[in-house]
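For clarity, chains are labelled A, B, C and D in written order, and residue numbers in each chain start from 1.
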């Protein structure tokens, strides 16, 4: 029940601030005997790191992961795996002017009220840098699921399906395209317009919101622990708790509120002697338990709060002030969130798989 | 970490099925010395119970709550409070025909896959009857918050702001109206159209989805436990895990994805020497911590899965079949969810208040 | 993490006070498909209840258990099992004189300091009556372990091996004898002297301490979750937290402190191709994990604090006073603790079995 | 609920093996604003480290602690504190011969059965090296308690009160002496005989058990969370789960089993208007809650399992074998356990203080 730990059997504790010496995580509950090397983790971190291209923050960090424990000769031992990434590029002077101003849309004010103290270096713990641990843990979770026959076919992919006013075609989900454009967008045709909006926002000293869709296929039916640790509840909680997320939908989401039961209910039929859903309005979850259909979740990200334009605010003495936030910021946080969302999905699935396994009979 | 418990310091364990002898909950972590009587709990249950009017299920139960422990002479003792409600009206024969069919949109199939056994009596544990415990616990949480000066002014209200195709005026939030119409709708002008849609759906053997908005005012700034037990994360998780919810938004929610930072960021000003937010796009949470502005959450409910019309499905032998679900069902589950959503919000706030209190200095 | 819940996957939440309407528990995490009826639970409660014979409190309660949820047609459904026992015999007037005095050796003073309120009816929550829930849950755990082949042979037995100054012969562990004498003593030859001491203590208005030994056989090797949820740690924690327990030993316990390594280490040999321990100084646990040898734990119980003789104390105004505690008390709490200790051992083993199962491969 | 985390509000997650690159811990739940520097932690680690003198293992490590997160300009921020200690002296070749033998009294066999894999380097995770994190976390807990007025006077001291056959005088508790002899013994007169026994055991290729007593003074009355997170329960669980501990006593412990109630009950009197206990047979806990009297706990440690003498065992193929364990071992593990036990006591008290604080009114 520590604040910086998630999961029940597959648990992840993250630690570290934007401008401290390092960030990382402790992954506990990993079964013994799972092949794991730093090479299994590094590619996911490389996808997440800033400086990758013009669509994201120019802060450039190698983000090389180091396994400090829990692995012996390339195999997990069943003991806690500590993963650490040095913070190579700690330009904390970028932030020094802001230390006494509450940046609108940031956690500056709430952290100060709660903790009575504020680490002004790049947002401290509220920085997106904290997500390094989530991505690294996700790579471990992926190896765990890969090691069991029931979950060997699970695949997780996320992509940006809307950026500011530009929406991708909902019918297009081209996974090959996701890694070949700087926006992680599954619809290549939408990319040029998205890039134009991003450029325009940057020129205006402004930022954009967006929507990330994540999909998991090959998830066996039966995962989820009603009634207070349902699969949909966990997805809702973990994703809503990610920085900048303001909305989460599963399956048809808000559109379901306007549907009738005869439209929304996913009918079933027998196919090769097994039940088969004719549609997937539910997004792969019924009663909080996976159905075997693809898990489909959409997350609404607010625009990056750090913008170059002037904004009204108050200072640490609670007097009126204005602020313009310089520094190296992503113009749209949803883009770099893509590998983070994937990592979190892997972790959630690994945890529910182990939970289900504990009590499953026969 | 039990499946049927939520909360960390203020914890609620619910138990009971739709057609067993009783349903109830154990509320643990309640501070000693809080005034509490059955009369504090009964009104919330009365708002939730079926048979209240034509908009909800005609199943009529008195739902009289009994305090079995943890209270001595009208005051909490600091020990677990067991609350029980007898199931007076167990017409399980209504469901007997359905025992070997998987009802589309229900948890029948996923429960069978997961548990290898199914309690066909009214959905068993997946029934909305489980929410009795959430409502009762919410009434306890409300008394807890009322007993501390910091939270004595917290007020929680929920209402139906969309029903099927009919949306309430987003500018109208008339709390007096909520309890004077059968739909818990805060916009009296929208009620006639909503009632018409409800009647039409019922006549068609169909059902409706809808949107519930819940608002908490008087919440002190500083509640929430980053980074994995954030206030927004908990709201997202608890509400997405409620039966029939497919989407959750905080503040501007999905609309924020289409905004720019200059629009979305809530500017601040000094007012009577204290920080004041000029807008509340954030919905009362920044960085996972309450800002002091009203907490605003919207939940999308899918239509009631039980409909009278014929639907394709499979039976317990995985052969093709059709099903038409009779019995006493709410034509729109979102309506009776209103007091449940309020109860959950009270519980969440009580828990975060105690968590914050544990570590707050000076 | 609620205060009144124990276990991780097999969890037990108990509720109820000595003189409230009922006591009981919610058992969560029980796998679906386990045969369970009230008849599986009642015998364990019958062994625990007072009034059984002259060695225990004359308070006479039928303690009939009722399953309120989680079981359908004699089989567990995978959902929380609420078990309740009415408090039939609430003679709370016995205690009314004591309400303003702190009884030495009781929790009266510490409960008052902590909670600022005290339920004087028979000790309220600190009463031994709370253990009804532990015994009932233990009977459920026993059925769970019985339903899996790996743990089908687990057997748990406890007995009183010392009562005041009388010690049983450590070489005698006659399980048949345990249930045929009123003291649950495994050494029939020690019973007469124990009974004499008990009679003498009662005549003197005094009480006796004692030692309970509990043994579990058939426990598979591999149970326990290092390093902070080790099997020995859990045994130590659960048993030390039982009312009146002041010491816990595993295997040789305190005697091990006086041994050399060459004496204490349990040597191994190959027997039918499997490892076999030549001795069991370790008491069945090494490195926090079960070895496959019998689990052996000893618990030291202090004497019943309620005695008829005069004792110095203070009253609720913190003025000097004297107190003599009348009423229906067990002259030695360790006797009725025997079925409670067995119940707790069953619960602990069920939980560790499920935890191990979750992550075990191949 | 991860396996390698303890505590509820003040939580500690340890990671690292004996011969990996580093060991450490993540301390979460620390209130913001507590002064903390590496200098606050290092002295406790220095007391624990091997090579300090002839009574302990000659393995010599500087054990320099590094704060990787959660502290800004010498003050805690309220965020997770990662502490790391490099493993400077990884002579893993010492252990290579043993990799295929199960050392009696060690966790080799149980780890192999549970995990199906074994890290032979110095015991891996079951090594005493894991306790570095407990000691470091204890130093943080000490600062936390020091920062609150209610707990500013808490003092914790442990010492070796028996070593093999030599017992210290139970009436002598000379805290100044503890740090001025190599055995952490509070009775200077007992030291020479203890040293002689230690030398003799070493000469015989054997090892010794012993008893550690730990005492906490200044603990406010009211700490502990009945009924399943009692102070005595947590002490019993945490200490029994420490490597090599086979018994735990609180207050009179096993001696209480032989007492009558009139002897054991601690009478009270009024002193300066406050309740005062005339004796402390209870060891500072009644009903699972601290009384305000000193907390007194005794732990029985088994002899170091690694001995130079020949022992019967089996090898990885389950064939008969013999083993003699060379290398750098403490002849009596209880000695270096003293600072570990102190660290754990600090952590336990910090956690219970925060838990009590969350719900305490007025």
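One rule holds for everything that comes next: contacts are C-beta pairs under 8 Å (C-beta built on N, C-alpha and C of every residue); 3 or more make two chains touch, one makes a residue touch a chain.
Source: prediction; values computed, not measured.
With contact taken as defined at the outset, subunit C and subunit D are each touched by A, B.
The chain pair with more C-beta contacts between its two chains, of A-C and A-B, is A-B.
Look at where the CA atoms of subunit A average out and do the same for subunit D: the two points lie 39 Å apart.
Each chain gets one centre point, the mean of its Cα atoms, and the points for subunit A and subunit C are 45 Å apart.
Chain centres here are Cα averages; for subunit A and subunit B they lie 26 Å apart.
Each of the following residues of subunit B touches two or more other chains: 1, 3-5, 8-9, 14, 29, 32-33, 78-79, 114, 116, 125, 226, 360-362. Residues 1-5, 7-9, 11, 13-17, 20-24, 26, 28-29, 32-33, 66, 68-70, 72, 75, 77-82, 84, 114-117, 119, 121, 124-125 of subunit B are the ones touching subunit C in the complex. On the side of subunit D, the complex with subunit C involves touching residues 1, 3-6, 8, 14, 102, 104-107, 109-111, 113-114, 116, 125-126, 130, 162, 164-165, 201, 204, 206-211, 221-222, 224-230, 232-243, 245-270, 273-275, 278, 281-283, 285-292, 300-307, 309, 311-314, 318-320, 334, 356, 360-362.
Residues 1, 9, 29-33, 78-79, 147-148, 226, 354-355, 357-362 of subunit D are the ones touching subunit B in the complex.
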